[in-house]
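Labels run A, B, C and D following the written order; every chain starts at residue 1.
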């Protein structure tokens, strides 16, 4: 039996809920869904960047990119482990990803068309992820909060690498500069959409806030991202594709244009540029690997038998 | 005493082409832990390739960088063996190949660590630790797959059989070799044999193919690998990345 | 009246990228007669691409040749639809795609044959006969596979389902179009529907993907196709072949 | 019953043996083997050149190459049809190719490493094939002789295209010239080996000559090829990789060096650079296409039923 009172007291004191602590079922379910979606996003996110490993334009960049995609696999591992502390199985979560019952971040349904997209993903997508995730380091659920501390540290490293890729391109040949600008043009609006729908259209946010899973509203985080990114775009020598961006002295924030969420709806509905490729790729890898996983299980069982018999 | 450019390129290209093939697995491995492990191995190989290519450029003395050598040579100028250049999209083949390559590289780098070329010797001394980990990983999977299920046993045996014709090329004489390749053969074959036997597999008896990678004679697969790898770099001559 | 460069490039790139994918089949077809047939279709498409690219170069007036346009544009400058750029290594998918493409091209070229641009009109007048043969070939195979064995019926239905999200992009508005793409839609869908029904298959109902090829927004597959296609040409800047 | 006499009279008169004519079993078997091997060579020969279709350096060259490889498929078709007049099935012959019981020309077990190899195959390999095949246009077996007339006409067209590719390269940039020379260096000796073992090591030749299947000895044909090719190499501005090549006034022929047949033996034994790839490619295509062929058969049967029922 969950004792609402003990749980609520803990939250009120800003304490951490640990796996064996009592918690409401809705809290547990919300966390499982959110952590799983986060883990799935790391795993699916390996694909758009992985697409450029074989073609990276220098060996140094190739090594950095391989290490980055590897980090994403690592983040997936921490996060699945955090979800498992809530009494679910990684294999079940993966099955829910493969069958479309759990989601991943829609940003990864956009394709990486040029090398500059690798830079734009690092700068904008990882940048947005950090803004989303830093507050999660203080999330009420301990294992998730601790996983996020580790993830955020690596993400900010990735964000700097993305910035550096774009900086080099922006200050390179005219073709390279154009490539960088084009990538930013394509990734800017989808990055803003990573913060979710506007606050007045975000029905679950209030409960998540009350539970200490969410610390800031979607629009607050989005504003924080814009405020952080606009000066960086100036340092890059690249233009953000929104003529309405300007400093608002009164608000102490950058104003920006209206987001057209209708495209995002199409992508979430499964009709984005890469939805099908991403899932096909993942399911294909999983199915192709079944014989390998089976072999490892059988080998361990045999070994355990032999140890037992000895 | 300094190694010849071609000899260093042979070492470098084995590592570079392996890394390129290995990195294919990232996001495609049988489980997440293996995505990490194969990325790690690929990164080690890429790191070895980079130091070796840079050193080849120094030995050559014509000012070519690691990127010049990686991106601006054609397949006829690549010096890697055939073992590493063919596509591998079957996990068993990848492990069979890694078992052969890493066992060979362990012996080779160990021998080079005390060769007369101090730079190469330093590179080899670092690399030998990395490839020992690769060998452990390949051994573990050879055991699991060979002594796992009936299906995995069959597939792993088929994978070994498929890679075996490419083993002998590793031991062919090379001009300017600082370690005689044929001197590595007994230890390499002994190392492979013991794990193959423990994995309840048979050492294949298939004949070797003719090979010729050290002289720039490759399979048709390398050209396609290089096309993909070099296209962007070659599309922007002189650019910095 | 002269077509816009981008409009002609859209026509050309559909044909060129199709030809590149189609030529993959040569030496891999289910039977020898089909190696010949698919090579023929690929050659027709390549021929159309060449005249169209040359014409695009003329319209542009910057002296670019068919090879400049084929080999020296990046994927962001390609104007083909997504239908033609994804890999196809399943014969059913190839035929489903060819059925869609050739039915569309039949209507399109027939309409262009009497458009206001005399050069384009002449090119279309020749091409329409070729694509009519492609359509007949795709129809025949759709019937055979749809109404063949249980397995082939299942696979052909899956192939149609897989290609269907890419149909609507063909009818999206294009700047400077000499034939309004949406005007082709009823006849194309009717043509496909009738053969699909005769083949005992179901017309898919899956939603369209967002597309964007005419604006240079592609799938991740096109870049790899271009890397392979352009690598040699780009490796020898300015050379004659 | 085969009447040796009627058959021998026909041969003595240099007449054509037709499918329904009586013929010795050994003659039939020899022809089936030779025609099948010839057909298989056309089919396998599609692969090394097919390897460059996707990368051909100009669209014009791409079109020419596609048409050439298509012609090879066509040659395969004529030749299988000629073999079928001797009472065998194409599908059986293909099965014998796939299982290694029938051979194809070993030249196709060498890889095409550069674009110039496409030129070298056209010039040297097709050139050698023509020298081998022109006499077969007068072969004693009618259907084979007629197929060869058609094949030879197209082959000489291909040979000129190969020559033209090399000519362009040889007179192009230094890198292109080197590429052409390298291809000729690699393809020269294997081309000479296409004529088979030396006469004193060619046990079956005498019988094939007596039967009017073979018209000239291996060494005679090889000499004819060398005599034809040396002046062409000079026109190309390329060197043949044999320092012993020189005009022999007395013999009225070019002398040339000793062929090292030991490498050929390795290739014939299955250990050449591409033996396994070639057969795997072929078998893979055949197996992948089984469902398609089955569907076509089932569809035809249904159609025939419907016509019968109507």
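As a working rule, a contact is a pair of C-beta atoms (placed from the backbone, for glycine too) under 8 Å apart; a residue touches a chain by one contact, two chains touch by 3 or more.
The UniProt protein names, listed by chain, are A, D = 1,2-phenylacetyl-CoA epoxidase subunit A; B, C = Phenylacetate-CoA oxygenase subunit PaaC.
From a predicted model like this one, the values you see are computed outputs, not experimental measurements.
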B-D or C-D - the one linked by more C-beta pairs in contact: C-D
Distance between the centres, which are taken as Cα means, of subunit C and subunit B, whole angstrom: 40
Intercentroid distance (Cα basis), subunit D paired with subunit B, Å: 36
Where subunit A and subunit D are represented by their mean Cα positions, the distance between them in whole Å: 58
For subunit C, residues contacting two or more additional chains: 74, 227-228, 231-232
Contacts with two or more other chains, residues of subunit D listed in rising order: 55
Which pairs of chains touch, using the document's own definition: A-B, A-C, B-C, B-D, C-D
In the complex, subunit C residues that touch subunit B: 74, 224, 226-228, 230-232, 234-235, 237
Residues on subunit A engaged by subunit C in the complex (per definition of touch): 48, 51, 55, 111-114, 182, 186, 263, 266-267, 269-277
Subunit B residues touching subunit D - in the complex, by the definition given at the top: 74-76, 165, 207-210, 212, 217-220, 223, 227
Touching residues on subunit D, where the partner in the complex is subunit C: 43, 46-47, 50, 53-63, 66-67, 69-70, 73-74, 76-77, 80, 115, 165, 168-169, 172-173, 175-176, 281, 284-285, 288-299, 302
Footprint of subunit A on subunit B - complex, ascending: 16, 20, 23-24, 26-36, 39-40, 42-43, 46-47, 49-50, 53, 66-67, 70-71, 91-92, 143-145, 147-149, 151-152, 155, 228-229, 231-233, 236, 238-241
